[in-house]
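By written order: A, B, C and D. Residues from 1 in each chain.
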C-alpha cells in the first residue's frame, strides 16, 4: 500500500495539450475517484499512472519514488479495464496467474494467491473456464481478481462498471466498496458516473478539459462546489441554474433578482464591483419544495411530471425560459399545466460569477454543510 | 462456412436469390469447374499416335506412379515441391509473422511507410521477379558478389542458381522475397484486430513487448497463421512461373528445381523434341489436385477445427 | 522536459526496431531500385558500375527509346487495364450478389453451394487450360480480351465470394430488417443498402483479384497472344525474350512493367489495409 | 535472334529454328506462325514486300510466338482450330506428329519442291520418305567464334587440330586477360547443342555414327561418345567462374563485351555479334584430332514452313510456299539472316564474312545433323532432353563421362528396340 503523488503532470499529443498540469495527493489506503465528462482527460491520467502513456511533463511518485520512466511492471500497480481485457485464450486461472508467472514466481505461491483471490471473489468454481463462458459480472470479477493476485501498491480501475447492466452495477459497486474495506488498498478509480463517485470515493477528483476542477470528499463537493461545473456535475438530478442580477451587496449579504418573481437576499460575500452584473444562481432540486414557505422562491408552469414513488419531480418553466426541477413528495397531486411556486432556504443557494467561480457563502445551516 | 444469426427464408424471395446466385455460379461452373473436371476425364483416356482417344482406366496413373522413369521424375518433383514448401514455412512465414509483430508495436513511427514498402515485391509479376533476381545473381553482372562484399561475405558468392545443391533453395528464397507480403499483410491485419486493452493489460501484468507477442498476440492470431500456412501450401503446389521463368521447363540442373507445376507443363505441352501428352499431363494435374485437396482437407479437419477463434 | 521522460529502454528498443525494419525494407526494395537505376544507364555503365547511380557519363535512355520504338507498350497497358478493370468490376458485382445470397438467405444446399464455390480458392484454374481453350474456341472468342475477362472472372470469384461472405455476416441485422419492415424489395435492399456497406472490403477484394490478373502470363499466352491483344506481362515477356541479350532494353522494359503497378499500389495500399483490418479477411 | 529467348530456358533445342505459325486468320490474309520473333522486322520489311511485288493482292502477316512457348501454343491452337495458315516447322518428330494428326498438309506436289535435296527434306518427311509436309528453309552450322583481337593480343593462332585448340585455350587461360571460353550450363541446352553436338561428329564420324545409333549398331557406350563427353568435361577449365549459373544470354554478353576469347557458337549467333561486338571476330570449325583425314560439322536442318491442313486460304498459302522455293527467297533469307543457310539447291552468295566462313566448311568437311533429332527422341525418356541434362552434368562434374554415356544408352534402351 502506498501514497501516490502527482506534481504538475502534463500530457501532450502532438500539438494538443490533454492534461494541463495536474496536482494530486493520494494517501495510503485512500479510494480516489476521477470523475468528469468523457474527453476530460481522466482516463489518460489513469493510464499515465499505470505507465501506459508517457508523461510529457511533471513528476509522478508512487510510495515516494519518482516513477516517470519506470515501466508498468516496476510501478507496483494493477489495473482493471473497462472491457475487462481478459485474455480470451486463457482459463480464468491462467488469466489471474499470468502476471505472477511472468514475474517467475514460485508455482505453489502462484497457486495459493490465485486460489485466495478466487475465494474472495467467489470464482472458485470457474477457474477452468474460458472468459467466453462467463457472464459479464463474472468476467468483471476475474478482472478484479487478476489485479488482486498481484498485490499491488495501487489499484487502478478504468470505468469498470460501465459494461454491466444497472442491477449488476449496483451490486458490483458494493462489492468493490467492500473489497476496499477488506484490502485497505490505495485505489484510483475512473468513472463518468457521479453516483459511483459519490458512493465509492474517499476523495473525488472532478476533472474537466484536462484540468482538475475540484478535489474533495463527496460531501464537500456536494455542498461546497467551487465551480459551476462541479455544482452541475455532482448531484442527481442536476442542480438547477438560472441567471439573476445582483441588485445590492452588503457584508455577508447579497440581493439578487430575476424577471418573473425571484427576489431574495442570500448569505454570500460578494464584492461591491459585482453590483449590476448577471450571475448564476444554483439550487438543488431536493432543496426546493412546493410552496412559498422559504425565502428563495420561484414560480412557473409545470410542463413535465415524473413520479418515482417516494418522490415526484416537477419540471417548472420559469418566466425567463429556464427550467427548474423540484422534488415534491411522492403523494403530490400537482399536474402538468399547474402554476406552481417552489421555495428553498437561502442557505441552500449557490451563486457563481461570470467565470463560473462560486461566491463564498457565509452562513452554513448544518444541513447544507459538509462539516461534521 | 459458419453462418451467424438467423437467416431469411428464401421462399419469401425465390427470384432474387436465384438472380443473385446464378451469374456467379454459371460463369464459375463453366470456366472453372467444367474445365477441371474435363481435365480429370482426360486423364482416363489415351490417344495412340494418329488414333482416336480411348478409355484406358487407370493406366495413365499406373504409368506415372509405377513406371520407374515416370515415378522417379514424379516423386523427384514432389519432394522438390515439399522442400520448396518447407522453405516457405520455415522462412517466409516466420519472417512475415515477425515483421507483422514489429509493425503492430504501439506507437511505432513510419508504420505505414514500412508496411507499404515491404509488401511491394508481392505486387510484381513472378516473371519479372524471376528476371530481376536472375540478373542480380548472374555471375556475369556481379551485383550479387558486390552486395555480399559490402557485408564482407564476398567469398560466399557462388553460381547458386546453377548448382544442383543450391538452385532450388535459391529459387525458394527468391519466392520468399516476393511473397513475404502475404503473411505480413494477413497477420498484420489480424494483429490490429486485437483490442489495445488486451495488450495494455498484459503490459500492466508485467509483460515486455516480446512477451506480449509470444503469450498474447501470437496465440490469438494462430487461426490466421494456420490459414496463411494452407494458402502457402496451395500456392507452393501450384507454383510454376518462377521456376519456368528462371530455369525453364526442364528445371535444371539435372531436374533439381523440378516441381509439380513444371512437370505438369512439360508433360502436358511437351518440351523441345518431347511431344506433349495431354492425357499424361491431365494425369499429373489430377495428382496435383489430389495432393492439394489432401492438404486442404488436413487443414480443414485436423487443424482448423482445433483452433478456436476467440471473441475479442 | 519531455525528453527526460522517455525511458532509456524504450529509446534503445526503438533503435533496434527501426534497424530491423529498415534492413528488411532495403532487402525488399533494393532489387527493384537496382533494376530501375540501371535502366537509365549505358550498356557500359550497366556492366562496369552496376550499383552506381546514373551520372553524366553513364546516363542513357536508349533502353527506353528502344522499348518504346520496338514494342507497343501503350497498347499493352491499355489491354491490361481494360482486362483488369472490367474483371474487377464484374467480380465485385457478381461476387457480392452471390455472397449476399449465401449469407442472408436460408435455402436448401446453401452450405453445399458455398463449399462448391470455395473449391476454386484451392484449385489452380490452370489445370484446366486445354478444356478452357476448347471452350473459348467454341464460343469464337479466341484472341479477344473477352476471353481473358471470362476466365479471370471465374478465377477471381471464389476468393471474392469467400471474403465478401465473411464480411456480410458482420452487417447488422437491424439494417436490413428495418428495410424489410418498410417494404423495400430484396433487390433494392441489396443495391441500395448492402452494396454501399461493403465498401471497406472492396479494396481488399480488388487487390486480391487484380494482382494475379495483372501479372498473369499463362492465359494471355494461350487465349490472346495475337498482335494487339497482348497484356503487359505477355508483352514484356515477349519483348525480353526477343532482346534478352540487350540489357538496356531488358532493364527498361522491366522498369516500365514495374512502375505502373507500384504506383497503383501506392495509391491503394491504405485502402487495402483498411479493408483487411475491417474484418474482411480473417 | 530468337535464340536470345532461349535464355529463359525453354527454347533451348529450338535455338536455330524458325517456325511460322499463324494465328487467327481473317479471310484472304495469310498468317504465318513462327517462333522466330527476332525476325519480325526482316519479314515485315524485306520478305513480305518482296513477295507482294509478285502477288500484291495477297496480304501476309508474320505472327511470332516466343520460342519457349511456341510448341505448346501452336499445338493448342491447332487443336483449337485457331492456328494460322502457314506453320513454321520444327525438324523431325514434332512436325511429323502434327502431320500424322492431320494438322499439316502434304506438300509433295508443290511446284519447286525439287529444288531441295533429299537430305534437306529428310527432317520433314515421314520415316519412309513417302510424304513431305514442310518446305525446308534453312540449316544452322556449329563451330567456334573467336575474338580476333584477343587472339592477337595473347598471341595464339586459329587452331587447326584439337591439340592446337586446347593449347590455345591453355595459353589464353595462362595469360589471364580473357576468359578462354564463354559458355554456361544454366540453360543446359548449350552444353548439348554447342558442346556435345558441336564437337561430337568428329568422334562419331558424322552421318555414319548417327545412322549407326538409329539402326542399333552403335551405342552411346561406344568410345566415340564417351570420348566426346570426356572432351566436353575438360571445358570446365576454360569456362568463366560461376558458369553453372551463366545463361545463354550471359555468355553472349561475355563474348560481345570482349571479355572472352572463344565462343562455342551456332551460326545464328553471328547477327547478334555483328550488332553488339565492337571488335573483329572470326570463326573456325570444331577441330578434329591431328592426323584425322576427314572433318565433320553439324549442319543441322532446323527450320521449315508447313501448310495448316485446315487453312481456309490454302490456295494463297501454296502460292506463298511456291515463291519460297525460288532463288529470290533463298538469297533474301540467307543474307537477311546471316547464319541461317538456305537448304535449296540455288546458288546463294553469302555476303557476311563470318557467315560465309561458316558455310565454306561444307566444302571441307562432311555435314551431319544432330544425332538425337531423328527417331531417337520419340520415346520416353526423350534423348534430346537427356543429352541436355547429361552434357550439362558432365561439364558441371556431377557425372563422369562414362556415367553420362551409359545413362544415355540406358535411356534409349528403355524404349527403342534396336538398342534393347
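The rule we apply is simple: a residue touches a chain if its C-beta (ideal position, glycine included) is under 8 Å from a C-beta of that chain, and two chains touch if they have at least 3 such contacts.
What you see is a predicted model, and the numbers here were worked out from it, not measured in a lab.
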item: Most extensive contact between chains (C-beta pair count); value: B-C
item: Centroid comparison with subunit A (C-alpha atoms), farthest chain; value: D
item: Where subunit C and subunit D are represented by their mean Cα positions, the distance between them in whole Å; value: 40
item: Centroid distance [mean C-alpha coordinates] between subunit D and subunit A, Å; value: 92
item: Gap in Å, rounded to a whole number, between the CA centres of subunit C and subunit B; value: 16
item: Between subunit B and subunit D, centroid-to-centroid distance (C-alpha), Å; value: 38
item: Residues of subunit C engaged with two or more neighbouring chains; value: 47, 129-130, 237, 247
item: Contacts with 2+ other chains: residues of subunit A; value: 71
item: Shared-contact residues (touching 2 or more other chains) in subunit D; value: 8, 68, 76, 253
item: Touching residues on subunit B, where the partner in the complex is subunit D; value: 49-50, 69-70, 134, 137-140, 158-164, 244-250, 252-255, 265, 268-276
item: Parts of subunit A lying in touch with subunit B, wherever the complex brings them together; value: 47, 50-52, 71-73, 77-79, 81-83, 85-89, 98-99, 102-103, 132, 146, 150
item: Partner subunit B, residues of subunit D touching it in the complex; value: 8-14, 68, 71-72, 75-76, 90, 92-94, 97, 100-101, 184-189, 240-247, 250, 253-254, 372-373, 377, 380-385, 388-389, 392-393, 396, 398, 414
item: Subunit D residues touching subunit C - in the complex, by the definition given at the top; value: 2, 4-5, 7-8, 23-24, 37-38, 61, 63, 65-69, 73, 76-77, 79-82, 249, 252-253, 256-257, 272, 276
item: Subunit C partner contacts - residues on subunit B that touch it in the complex; value: 1, 3-5, 7-10, 13, 16-17, 19-21, 23-25, 27-28, 30-36, 38-39, 42, 95, 99, 102-103, 105, 108-110, 112, 114-128, 131-133, 135-136, 141-143, 146-147, 177, 180, 185-186, 188-190, 192-193, 209, 223-224, 227, 234, 238, 240-241, 264, 268, 278, 282, 285-286, 288-289, 292-293, 296, 309
